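Before we start, here is the structure in question, set down as structure tokens.
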Amino acid sequence: MNINIFDLLLAPTLIFLAWQMLRARDLLVSIVLFIIFGVLVSLAWVQLQAPDIALVEAVIGSALTGALFLGCLGHMESHRKKIVIEKIKISKGSKVYDCFLSVLVISMGSILSWSVLTLPKNVLGLTDKIQSALAKSGVENPVTAVILNFRGYDTLLEMGVLFLVVVSVYALHAIEPVSIKIQPRQASRVLIAFLHILTPLMILVAFYLLLVGGHAPGGAFQAGAMLAGVGILMLVGGVAFSFNVERWVLRFIYVIGFGSFLLIGLGVMGGERNFLEYPEYLSKKLIFLIEFLATISISFILVTLFAGCSGFLNYGKSNSGTVRGVSA
Amino acid sequence: MSTAILYSITGIIIFTVGLRGLVIYTHFLRKVLAINVMGTGIFMFLIALANRNSNGMPDPIPHAMVLTGIVVAVSATAFILALVVRLHAATGHTSFEAIHNDDRGAKL
Amino acid sequence: MTQIIASHASVWTIMLPFLSGVLCFMAGRRIGTLIGVVTAFILTILTLNLGVSVFQSGPSRYAIGGWSSPLGIDIHLDGLSVLMLGFTAIVGTCISMYAFGYFKDRKGLKKEKNKHYAKMGTYFWPLWFFAWGGLNVLFLSSDIFNIYVALEIVSFSAIALVALKGSVDALLSATRYFFLTLLGSLVYLFGVGFLYSAYGVLDLGLLETVIRPGMISTVAITLMTLGLIIKTALFPIHFWLPPAHANAPAPVSAILSGLVVMGSFYLLVRLWFETFTGVIMPVAGQLLGVLGAIAILGGALQALRQSRLKMMLAYSTVAQIGYMFLLFPLLAGNSIGQGFAWGGGIYFSISHACAKAAAFMVAGSIMYALGHDRIKDFRGLAQRFPIGVFAFALAGMSLMGLPPSGGFIGKWMLLKAAMLTGQWWYALLIVAGSILAACYIFRVLEITLKAANPGEKALHIPLRMQLSSLAMSFFAILLGLAATIPLEILKIDSPVFFQSMEGFIK
Amino acid sequence: MIMSNWLPLFILMTSFLTGIAIFFLREENHSTRSFLNIFNAVLKIFLVGLLMWGVFNGHVYEFRFPLFLGFDIVLNADSLSLLFVCLSAILWLLTTIYAIGYLKGTSNQSRFFGFFSLCVSATTGIALAGNLFTLLVFYEFLTLTTYPLVVHKGTKEAVKAGRVYLMYTLLGGAVLFFAMVWLSSLAGPADFTERGILSSVATEYHPQIIIIFFLLILGFGVKAALVPLHGWLPKAMVAPAPVSALLHAVAVVKAGAFGIIRVVYDLYGIEFCQQLKILQGLAIMAAITIIYGSIRALFQDDLKRRLAYSTVSQVSYIILGVAAIGPIATIGGIVHLVHQGIMKITLFFCAGNLAEGMNISRISEMNGVGRHMPWTMGAFTIAALGMIGVPPMAGFISKWYLGMGALQSSQLWIVLVLLLSSLLNAAYFLPIIYAAWFKDSKEVSFQGLTTKWTQNRRYLLYPPLVTAGLTLLMGIFAGLPFSPLGWVKLITLREYGH
Amino acid sequence: MIFLLSNKLFWLILVFAPLLVACAFLVPRWRPGLTLLAPWMALPAFLMAVFVKSGSSIRIPWLLLDAQFGMDATAKVFLFFTALIWLIAGVYAVFYLSDKDKKSRFFVYYLFAMCGNIGLILAQDVISFYFFFALMSFASYGLVVHSKTKSAHHAGKVYICLVILGEAFIFSSLVMAVHLTGNIYLSHLPASIVGSPMRDIIIGLALLGFGIKAGALPFHVWLPLAHPVAPTPASAILSGSMINAGLLGWLRILPLGESAFPQWGILVIGLGLLAAFYGVFVGLTQSNAKTVLAYSSISQMGMMTIIVGLGLLVPDLWPGCWAVLMVYAAHHALAKGALFLSVGTAATKISVPLLRYLRNFGLLLPALAIIGAPFTSGALAKGSLKYVMSSVSYHYQWAYLVKWLISGAAIGTTFIMARFLWLVWPKKIEKEKEVSVKLGVYLSWGLMLGMVGLLPVLTQVQEFIKLPGKETFTFLKWSALWPLVVGGVITWVALTRRWKNSFCIPEGDVLTVYTRVLTLCQSAILVFVRFINERKEELSTSLIELRHRITSQSKHIDHFAQNFGSWKVFGVMFLTLFITFFLLLPFN
């Protein structure tokens, strides 16, 4: 593929943004720059013929991660009694060190770049094999096929990671998985109105993404992230909303994505059939089922994660920030 | 020079920028941002080089890898931010140095 | 490599921990604990069964999803992976038994504190099983990207376990651990990216056949090694380890020092000795060896300086990791020496897992009883807490490398490799490290043997904890007595010439 | 026949399992513990007798347990090992009886007796070891099991002594470890064989072989308390008397000496040693140790310390015998292994009795104790005279053979060393005997024997009397075929092959 | 009887019976009876000396290292007088000692020493010889320190030191001799020593080792210390029988009559002469009767040393010399024994005049015998000695001189005996000082005197001692009187003129020199030990300091260690590692 002017502009911009994002004096600016950076990166994905990734990057890498950062920053600042000005630069006399480090970093970068230049120009990778096996996979989108069938094992573990992280966040706050409660907060009317329109739309989009994932860019993660976005907006907006469900139901929802994937994988196993080896006639349905359940899990998990790092998860009776537990 | 090379080298540079940031910036959030930047650099490297096919079709395997990678990255970010929040709540500080200076003498 | 479709037992060993992790989460603390213990035992039986089958029918592969590599992901079973799996199961079972007692309500403790332990107990089980599952994935997977995900699972659960205690120390060490391990994973992933870009395969076995010396391989190896060094905490990137291991609850320390360290080390060995054999230059191994050497001495000296038992044990882990890395420089030289280096390094890592787990369990028991782990206040422990001190002594034997213990066999083999390859300075170093280890182990033991201070209060330690630590330490000793079995297993499909039984020049 | 190969293991296990079992006994369970101890000690003696009978009738007992990569744990009953096993079995029984009495009414007895038994099984293991590797295993095991015994009292002093003990022995063990691995990389897992196995190693490796020899000597020399590696021995005296007795007579120092014997005869082979010209150095080391130890003993007022330095000196007789090449010196050296054991254990029992019965630990307090504790001091006197080398005590026999051996290898200076050492021995033992029997204790008012002594007199008195009797009998009936001397002659015949 | 004598068991009982009896003393109840029994334990030995023919021997392979006992000519003579002295002294002691406890203690040592003494005479192998020699030496320590006085302890100390030294010398000479011989039989030793390069060492060591026991110069110091402090019967034993054990040792080991060793011969003769005069000279200055006797013993042993020297010098004459030596030894032993015993009877009150005269004669008789007055065994011994000297003079001119010197020594002996008699002669003593003694004491003393008197006759009867030149002289020869007359006259003059010895050499004369030397050695060793201790101290201090430095909370180390934990250092480390690794791996 030949290079065009857009690429030539985009690449330095990305580098510049990354640079500026980290060194911006105000953390809020940094985070905003990060979100912009994410959006631009998804443009780059598009340039690189990776629409699936672009979508995920936009929804998860940029928006959701940005939301996490924002939530976290907001929480920390609201808890800070007196504002300590963050020193961005390290202490005095560190110029020399900075130079030295930069030299090292640059040499590492050059080594890596130099080696990239020695790469073969044309590597087929596994494209052909995937193309030929695609028919048997039950989906048309090669990326989805890889994710959910050829390398479904990776995805299973990835779901595991998500589940693990939500357990970890609960563990971190040393609370039982409980409903997320919203502290009474003045919600802006505009936001509420906006949400009224947005929510059904986003749910729709999410379903679309889920459905389309079989043959076009889209899938469980994108859809789940979409739904999570709704939840996060509601949280941030202070809209009265809580998972008023029994504890076990909540747990069940967390588990369902990973658990169903695991059980289906184990369920199809037997005799000559290996783990995660879907029967051909069922593979499409099974993949859809997995994706559907995963979407639900993912959305709840992501919302919980957001809640976990922006102070919505209530740990203990007091919110004063004292640490509970045994201090060493 | 092809797009693949351009973006892969861009990815490498972004990675190194992130690495430098991780080392020299002290605020937890900046460090997390740096980690994310590094990750994005690596993803870009992968995706860029997946795009070297003569037939114009990109290799879906790196795509899948990156997809997984992004999800792992967001999980990690969420987790570490939760940690940072707790640490901030407990100590009121947002960097290792600050906590360390605060507790000089105490064993950490 | 033989392409036999193995039974599904290997899948079960991987998936069972995840399954029961999920169940534990669902079930809550009380039932979760039971599920945990039962699963641990089942897993042990499963892995032993797997070991026997590999022993009988040789190495095998299992294509997940029916898509064999390069398209899909393979599970490969050979001596090394089965051995690792087996020891994870054994150590894991002991730790589970220990945790069974550890998180129970403690008599004589305030209600508030008991509640805290109860909460820790709730999350311990799912997290622990995810770590276990992650390790099993790691040991069995033959796909470098899949291994990346496995590494992340192990790391995340390990970090969550470290932070479980909730104290500032724990949180801080967890955060530091997190940054470092995340960096390590990313660097590893970068290496994976380079390899895939160059060779278009992710399977370890296939890579071995296609990899060529060159810029790309060099960079990939460098990145992957570096990433794994961070995760294994080799000097000079060891600093995150001691606080993380020391500030975690005792069963967690045992998991971390025993198993998690072993996981990344295993991967490094597998990469260097199987996948990259054609590319690696001995001199690069020397660098790892030098770092290992510094770790041995520095770690031991730091261990000597610690006033807290768990901190001491954590620094001891740093030193012992140094030992494991001695296998890399010893790789150079004649084939007999290679066999000894390889076998010795791995044997050392598994016996370290057993011994260190046992030691941490004892440390946890002491903390349980006394409420602290200040070494200087251990007077009279041998009298009040004989089983624990005995277990500690046995574990210490292995750490010191005294016969008959696993550590001894490991050191013997490393030493022999050093002599056979003519690198006697490493031999001296191994011996010197043993002596330093003896210094810090006996520093503790001698205080426990002192006459007790009268009137000191202590909680009663549940027998379950005591016995599981004892069993673990017995196992560390047993490794020295029944070395044939693990070594025979290790021989199955071993990458180096490992057949010479006697190994000497005559 | 297959069953009989397990016999060495059974012998090892009698004390090992006893030790383990005792750990689990409750502290108050005195009678069970004593029964277990004594029953197993007797059982062990019985089994050793069986073994001896078998070996005498030409059976070969070899228990082999493959450990890893060609390294086997080999328990092998040859005549040399039997000698040591027999010694340890008999002395174990006596020391156990003694210890039961000695420790009555103290705490941590289960721990003590547990480690005590383990210590004996370590010694048995060393004795039965059929290769260097097995020897190392049990050698280290011995270190570990004796450490808790040394620090048993738990006082500051005891802990300090334990630290010194460990420092020395672990360093020695490390050197040994190093040397053995080196050796095994040159010659493989070396089983002990009569007249050595290393002579087949190519000539270009001979310099290495020589270095290894001295490393091995260094390693074993720590336990054998060769000067200047002897520092731990006098310090370890803080241990309870039965421990000192065992340490000095059977377990630790003997293990070192035995190791050296094994290395010289069964690993290198005496002819090969001669060919490499390495024994001269060993002999000089031993000679220095003998003289130095005696000189230091002269200036000790603490009885046990004096005995300790005496051990330093006496154990090197064994090494001297080994190093002065020739069958007769060998006989002298090896038979001293037994004789010194019996005599030294008597002395330590008696020292313990003095401490227990009259609270006496210094020689300057011993005036006239012979009157109050005649039996104890009688035993002491016999053993001390034996140490000096007065006939017909066993010590004379060893000295005689040593002297003859020295002449046989035309090393007159060794006779001179023996002479000087005998004089020094007399110089530090006779004053004790003199004080005990011939000096009046008018300046110290005698308050009567302690109640502990009067209550446990049986346990504390019989063992030294038996060993003192043995000291006499072994000398007087040295000519009998089953005397230690007779047995050692058999061993020597085997080693030299003529 | 013959059956008995050929029975091994009988021999064993004979040799070891005293030991058993001694052990039986452990039972307090038996002690009184055993005390009475003890002296008779010497009787079987005496009977054996009389009845058992020389040449019979018995081997007991299981005892020690193949023990062998037997009777030869030398043993027969030695056993005869030794057993006799033990027997008589024992009986004497039964009556002489009063305190019960002390008595049983005395007899325990007595029995041990006796066993040793008899055993060493009968022993025919090196090991048992050495064993019995040691047994005797050590056991007699108990006899020396019997009184437990300060001087007794001092004497005991000197004695035991010399015993140990002697044992060491003997041990080494025996070891070497056996090494040369190849077996341990005493009878083979002398011949095999002759041709060996080691012979000079062996001879020297043997001379030294046994010389200590025999009271030869310069190791005689224990004699004058030990004899006065020991109880009278013990002194008799020490001087009568035990000293001769040293002599026997020489006879057993030295290659006498095998080959000529002129240097050794001359040396030994010289030392003997010196001792003969030195003993007299120092003895005269003493004021304790027993000390005087002790010095006399030194002097007399010097005479016997001369004979041994002759054996080394002129081997051809050895058979004659041997006979002379036998007679001399027996004579001296009995006479000296009697003299010592008389110390206990001299200062006693006897009311019957006849008996008093008898007693006084009894005091005189052994003294005359020692001097060599006619009709006494002394005359026989000295006469034959002189005869032998004359035959030596065929080989060596200077032997004449020696002969005359011996006569001179005889005059000296007269002086010393006179001195002794003067010291013990019953004077008009105050009543309270008079001691009454039991009859048994007198009887046993009388028995001893009788043996002294009978000895010359016995010598004539015993045909296996063929005294050389017997036809040229008899013990009735009056010419033997002249030294006595000369000495007597001078003594009489001295007594009448009341010469007073203005100076007194302390008992044990050269002992002070030895003590000085020993003290010097000791301080040298002390300096050495202190030096070692200091070095050790330094080492351990520095070790402790090192440990302290490692374990102490040093800011530097902490800081250094913490630096690794800082991100700054980490960054550099990480990148450096990357670059280094990269450089170490192949590029293409």
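Order of writing sets the chain letters: A, B, C, D and E. Residues in each chain are counted from 1.
FYI, a contact is a pair of C-beta atoms (placed from the backbone, for glycine too) under 8 Å apart; a residue touches a chain by one contact, two chains touch by 3 or more.
Just so it is clear, the model here is predicted, and its values are computed rather than measured.
**Q** Could you tell me which chain lies farthest from chain D when each chain's centre is the average position of its Cα atoms?
**A** If we average the C-alpha coordinates per chain, A ends up farthest from chain D.
**Q** Based on mean C-alpha positions, which chain is nearest the centroid of every protein C-alpha shown?
**A** D
**Q** Can you work out the whole-Å distance between the CA centroids of chain B and chain E?
**A** Those two chain centres are 100 Å apart.
**Q** Between chain A and chain B, what's the gap in Å when you average each chain's C-alpha atoms?
**A** The separation of the two C-alpha centroids amounts to 13 Å.
**Q** Please compute the C-alpha centroid of chain C, do the same for chain D, then give the distance between them in whole Å.
**A** Here the centre of chain D sits 42 Å away from the centre of chain C.
**Q** As a quick test, compute the distance in whole Å between the mean CA positions of chain A and chain C.
**A** Distance between chain centres, rounded to whole Å: 31 Å.
**Q** For chain C, write out the residues touching at least two other chains, lowest number first.
**A** Touching at least two other chains: 145, 149, 152, 156, 159-160, 163, 166, 168-169, 171, 176, 196-197, 200, 214-215, 218-219.
**Q** Indicate the residues of chain E shared as contacts by at least two other chains.
**A** Counting only residues that touch two or more other chains, chain E contributes 568, 570-571, 574, 578, 582.
**Q** In chain B, what residues contact two or more other chains?
**A** As it turns out, chain B has residues touching two or more other chains at 8, 15, 19-20, 22-24, 26, 45, 49, 59, 61-62, 65, 68, 72, 75-76, 79, 83-84, 86, 90, 96.
**Q** Which pairs of chains touch each other?
**A** Pairwise, the chains that meet the contact rule are A-B, A-C, A-E, B-C, B-E, C-D, C-E, D-E.
**Q** In their complex, what parts of chain A are in touch with chain C?
**A** It is residues 111-112, 114-115, 118-120, 123-126, 129-130, 133, 149-154, 157-158, 160-161, 163-165, 167-168, 170-172, 174-176, 248, 251-252, 254-255, 258-259, 262, 265-266, 269-270, 272-278, 323-328 of chain A that touch chain C.
**Q** Please output the residues of chain C touching chain B within their complex, sorted ascending.
**A** Touching chain B from chain C are residues 145, 149, 152, 156, 159-160, 163, 166, 168-169, 171-176, 178-179, 182-183, 186, 189-190, 192-193, 196-197, 200, 202, 243, 308.
**Q** Note which residues of chain E are touching chain A in the complex, please.
**A** 568, 571-572, 575-576, 578-579, 582
**Q** Which residues, counting only chain E, touch chain C once they are in their complex?
**A** Listed in rising order, the residues of chain E that touch chain C are 550-551, 553, 557, 561, 564-565, 569-570, 573-574, 577-578, 580-582, 584-588.
**Q** If you look only at chain E, which of its residues touch chain D in the complex?
**A** It is residues 60-67, 127, 130-131, 134-135, 138, 145, 148, 153, 156-157, 160, 164-165, 167-169, 171-172, 175-176, 178-179, 201, 525-526, 528-529, 536 of chain E that touch chain D.
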